[in-house]
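Read through the structures below before going on.
The same chain A turns up in both complexes below, where it pairs with chain B and then with chain C.
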Partner chain A sequence: MYELVEKSEIFNVHKMVIKAPGIADSMKPGQFCIIMATEFSERIPMTVSDWSTDTGTITIYALELGISTLELARMKVGGSLYAVTGPLGTPSEIRHYGTVVLGGGCYGIGGIYPIAKACKEAGNEVISIVEARYSPMFYHEKELQQVSNQVFYATSDGSRGKKGKVEDVIAEMLERGARVDQAFFMGCTQMLERCSEATRPIGIPTKVALNSIMLDGTGMCGACRVTVGGETKFACVDGPEFDGHKVDWRELQQRKSAYTEQEAVVYQSLSHECLAEKKLRGEL
Partner chain B sequence: MGLTAKERMAIERHSMAEQPAGFRNRNFEEVPYGYTPDEAVAEAQRCLSCKNRPCVSGCPVEVPIPEFIALVTEKRFTEAARLIKTKNVLPAVCGRVCPQETQCEAVCIQGKKDKTQAVAIGNLERFAADFERENNPMEAPEVQDKNGLKVAIIGSGPSGLTVAGDLIRFGYEVTIYEAFHRGGGVLVYGIPEFRLPKKVVETEIKALEDTGVTIHYNSVIGRLYTVDDLFKRLGFSAVFIGVGAGLPIFLDIPGMNLNGVFSANEYLTRSNLMKSYLFPQYKTPVIVGKGVAVIGGGNVAMDSARTAIRLGAEKVTIVYRRAREQMPARAAEVHHAEEEGIEFRLLSSPVEIFRNDQGWVTGMKCQRYELGEPDESGRRRPVPIENSFFEFDCDLVVVSIGGKANPLITRTTPDMEVNKWGYIVTDPWGRTSKRSVYAGGDIVTGAATVISSMGAGRRAAKAIHEDLTKENDETFTPDWW
Partner chain C sequence: MAEVAEQKPVAMETMTINGKTVSFSSGETILDVARRSGIYIPTVCARADLPSTGSCRLCIVKVEGARGYVTSCTTPAEPDMVVTTNSEEIEKLRRGILELILSEHPSACLVCAIRETCEKFNAPSSKAGRVTGCNMCPNRDTCELRQLVEYLGLEGIRYPLLYKGLPLERDDPFMDRDYNLCILCGRCIRVCQENLGLSAISFIRRGHCTKVGTSFEKLHVDGNCVFCMHCVDVCPTGALTVRGSKWYGYPDSEIPTTCILCERGCELVIDVKWNKVMGAHPTRDMNAGKREYCVKGRCCLPALFNSPHRLKYPAIRRDDSTMIYTDWGYVIPQVSEAIARYKPEEIAILCSRSLTDESIFALHEFARVFAESNVFYIVEGEIVFPSIEKSDKILKDIKLLYATEANSLSKEIEEQFVSLEDIIIQDIYPSPMSRSPKVSAILPATVFTEMDGTKSCAGNRRKSVTKAAEPQGSAIPDWEITVRVGTALNSADFRIKDFRSIQNHILRHPWVIAAVPMAPKDSLTYRGSPIADFVPDFRIFVEGRVQSKGEVHF
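So, the complex of A and B:
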């Protein structure tokens, strides 16, 4: 079950192609899976960036941060994940908007791909903007180019495209008088907030894919609750996409930090072989 | 064995030996050790084998109580367990978690004068089932020839497991779709290890799989497949929905989204299903908390409070709006909670949760209540006392004031009738308004009990079989029912 059929690494981001035919059959853009690497693991949400009903596989891009994503990073091709549950979440609303801007950072670079693809198929002008610290950290590039009318790059060090972030590219576009009918953003919470602030003044309808802490992913526990427009919503079923201009960002940031202490404990409890050495020995 | 009725009545009820309270409140091992065979026989001898069997009518699934107890007196423990199983497929579970004091034991003749002296039917049921499990290879039930019909069951809680167990014996191909990576529903993610060891549930599920039931874990119906997909794409002839209630309610007061405020579902799922009580071996974190406040007075609240103390909380307080007599929790659980040092603040309800700058809980403000006139249910209604408030410090709040119906399936099945609260509407046999779709358990009744969910499952299995084979009632009912 859930065999890992392909794996590669782009800096800290691990591409994993996983056998899950049922999920691939039902997947829609904007949805995610909840994954457990082993029987002992946490359940962690991962956006599905690509899927194929022919091969019965799904592709995720996992950014290695703490213990759970490290466990994914350590998996080997041919091995199996303990559990993959999905699709989860409400799919993105895809229709003819006109011009759609999609902004992606870290795992969102891969995550916006299916939304871009579907928007393109629905006849939209698709502009994708991706950000990274420096040039070699981009991934899933060719695919994204294929489904976008234009792709813009932003890097912190200016090594490719604009020196800056997604919102800087947007600001520039808007200055040039570009018209944007709908924006989608996916990435870390700070990025989502910054991008939403960039589209707010001129009132561009903005959807953000939130990444709150989740447990079951079915609306049963409330771990993922976020405040949007003054109302409590469960990100796993009502979302993960919400109106970026209505999210209570401070609360979301606070709730995301709830387990920082425990995460440090469990991370340190790992047997700490040196990962760099393992990589050199070709074991990872 | 030839005791007279008088002699039987003179014997005091045998309680089960337990881990001492001050010791058990730091571990997750089961609290009562269970009867020894001698204790079980002695307790069984208290049964008067009443002709009119009042206890049987107190049990929602009509376990043949005097008959199984008679077998226990003869030390035919395995036979006793198998007799119970003709009516109740999970006796090791029900013996432990049924609210016996309001069901079978409530009407036991031995308890007529003094309720506490009812025959310990639950304890005996548990004993017989444990004995069978521990001393016998599981007996494979008789399974009829495959009839070529496929039935899908959504949810592996008590209702779904019951439907599966019955239909596989009728010769159906049975497939369970379960959202989680483990089966059992509330029995594994809600009720804690110290009250219901997970190995008991695992054994039952393994036995079902051995008889040929297929369980697809990690499968959320409503997302992975809709109910219509199950018919059209996957070729099932009938679908049973047993997904439980499963949507937590939070209070409408300031502070509900602070760090440190959990639904009981989240808190218990972390600890039980994800085993965070074994953190960091199991990697799902749970916050321990120094001062824990649990809001509510049902089984779920007791389980949360007793989990908190075991995880290492210094002080655990239950805050409940009504009076002690009105607590819906099993009497044994309230008693155990008290013994374990949990404090009760009754006739009180939170009005605000306080926070620090980092968004963490620091305390709670509550309003005092008093009992007013009885409401429609006959319970005296709690009414707030004006200007009577108190505050206390806590850093963790667990909200267990009940749940709502999870709309994941009903929303994607618009042609199936639900009531105004979102629960699925069925006839007494579990038939929904949608053809070939059946439902039972908490998603129909709202939060109820394990045994009532199993009863609903059994009725639905019968309806499914009747509807699919068009055979009529009495003619087919097999003797193992």
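So, the complex of A and C:
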């Protein structure tokens, strides 16, 4: 069992600090974990946004986007997760590139932090760009600022930084004649695609962390397969990072919506633990 | 009737709206007259079936001679009044009002540059707990605010978002509430207080902290709320939602049918997507003035009918006593052979009260020809024979039981059939009985949303039941199973052969259906199976009600 030692919510993004010393010891930037809330829960792959060998904890930012993540969202500090498996996936390739741009949205705002940190330590000039709907939706800010030479913000309503998305900031940078040697992006599939299109014209090497539907996370089931450069790859072991200019985005989007029906139907007989139920059991 | 006559006086006066002369009767507001005359005035808080309060101010119009602008929903029409409902100036004011409303409603998605592609790829919207934009909102496809933004051509919101930061309220059965999306139009309160007289919710707190809630913020299940979900039906935003049916986006089709869970037979609309029942709600032109549904019809149907426990395929007992799944072509001759082995007086048929008229008639016709009319019902755990001459001594002779609601067959009832040898089950759910070694066949039937037909309801009304969803597995309607088995038994006396012939016979023998007992409105079962077994929230609702009020009514 893995204890939940800290939990907070920032606009549907749930920060969860989980006691998992073995995983914290061997974690590398760009890797992920698979977690299960209870014995009967779904396995969910989660990017690890921070870890500490001192406290033996890992930090994940989980978005509530279905009943499995609803189970996570409703967990309380002191509770424990049934299983945390990791580290999984191939770590990011970290070396001295020169200037590195990191783009993050949703869970990627936290997710790019360890990559930014490692890039900074490798002597790169690190420019982080994060996007959200409104200014209060940014999180993990101070930490990201510490490991970045510059942080740019983009919001849908223009309440902070540029009105627009990560790719709008990149377009503006490139217009100013900025030189970028490597780009990393993490976020929803749509954002990854848009950002890859922004770096394609001038051929900036671009890595994107794909988030296809995944089951075992060790290359056995093939549920997470994606087509990159015409070849079938497994996001769990070959990735999650791939060349953003070679990914078959249409196929990825379609495969991600394969279970839309089941995901909607499962809410009908959802039995989430609620106060009314606890009262019935005499626990309140 | 007298009341209706009072509300509609004969004398008609005339007034002018947008240069058009329109007539009105006294008591009508400008908005009423405009709506009746086909003139659109945007509103958020006003609804024709709710008393108006003039709180959103979007329905402002110019009345010649009046100072400033008046709210059309609260201003009575007067003779010779000259009204302008839209002008450059009014539209500008309305845009300003909408901007202020949206400043307290997460709406960045409305002004986002990639809105169109985003909605195309994220359809239906993502199943977020806390909604931070249209893209994550369950109400996206029917949102009235979005329609207004479109109508008024609002391109930007000048004010920063004032997010209230209220906790999500998901601790009640069936209902999710996120008052961060609430724009305080008060429709939910008016429908609950003034139309239904329940007063489960009201405005609580003051000033900027005003919100909708129960007294002392108690759970709804502990208060007056009956979970009729009228508040959800009238909510223009995604603040109030039914948890079980909120994430399927826009339905593929909306099929009007009748809920036959009890004798009331409420008319409802089934939302169908992926050929499944995804939601049930009042008709779009519903009158919020009366309570249309109980929690059973409004909230329980999708979970009840899409249950993974449903019987899907026919099963038959083999010679080595194991049960195997098979198809209709194999099982029907087997079942008819089993029936032919017994004399008519040795066969009894348990008829479910929850069946459609056609299915009930088919069973009676079957019983008349092959089982000496031995049809009985189980009402409140007791065997009820409809004809008086059938008495308990018949029970002793019965060797084959054909049961259409096996879940109401308790151990005690089974023991009354002392010489029982064989049971044939025709049902929708498995039951403890279906594991009995006496069961020789299990025939899966459809639920009422998966078949066409009629149902006689209280007040001597016969209502139509329409097929909305596809049957689960290879289930077929009850009347069809009966007709197939009856036809296989090859008797010239068996008069029904298809749906039409059953309906013709019902018209000629109406007393058959008239004698069938009806499921009471407080029934907690469908076809003998407890609804709570398949709908976890219903169990919480019923047990909570019993704990706080000692009883449960619908």
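By definition in this document, the second predicted complex is superposed on the first by the 270 of 284 C-alpha atoms of A that agree within 3 Å, B and C clash if a C-alpha of one lies under 4 Å from a C-alpha of the other, contacts with A are read in each partner's own complex, and residues count from 1 in each chain.
Simple rule for what comes next: a residue touches a chain if its C-beta (ideal position, glycine included) is under 8 Å from a C-beta of that chain, and two chains touch if they have at least 3 such contacts.
All values derive from a computational prediction rather than experimental measurement.
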{"item": "Partner chain in contact with A:Ser156 - chain B first, chain C second, else both or neither", "value": "second"}
{"item": "Which of chain B and chain C A:Glu263 touches, first, second, both or neither", "value": "both"}
{"item": "Touching partner for A:Gly164 - first (chain B), second (chain C), both, neither", "value": "second"}
{"item": "Contacts of A:Met137 with chain B and chain C, given as first, second, both or neither", "value": "second"}
{"item": "First (chain B), second (chain C), both or neither touched by A:Arg194", "value": "second"}
{"item": "Touching partner for A:Asn12 - first (chain B), second (chain C), both, neither", "value": "second"}
{"item": "First, second, both or neither for A:Glu64, with chain B first and chain C second", "value": "second"}
{"item": "Touched partner set for A:Ser41, first chain B, second chain C, both or neither", "value": "first"}
{"item": "Partner chain in contact with A:Thr218 - chain B first, chain C second, else both or neither", "value": "first"}
{"item": "Contact residues common to both interfaces of chain A (with chain B and with chain C)", "value": "67, 263, 265, 269"}
{"item": "Chain A-facing residues of chain C, complex", "value": "106, 108-109, 111-114, 117-118, 121-122, 124, 126-133, 136, 157, 160-161, 163, 170-173, 219, 221-222, 243-248, 273-274, 276, 278, 302-303, 306-307, 534-537, 540, 543-544, 547"}
{"item": "For the chain A and chain C complex, residues of the former touching the latter", "value": "9, 11-12, 63-67, 69-70, 73, 133-137, 155-157, 159, 163-165, 168, 189-190, 194, 253, 260-261, 263-265, 267-272, 274-277, 279-280"}
{"item": "Chain B contact footprint on chain A (complex, rising order)", "value": "22-23, 26, 31, 36, 40-43, 67-68, 71, 82-88, 215-223, 225-227, 232, 237, 250-251, 254-255, 257-259, 262-263, 265-266, 269"}
{"item": "Of all residues in chain B, those that touch chain A in their complex", "value": "179-181, 217-220, 223-225, 246-248, 250, 256-257, 259-260, 262-263, 265-266, 269-270, 274, 279-287, 358-359, 406-408"}
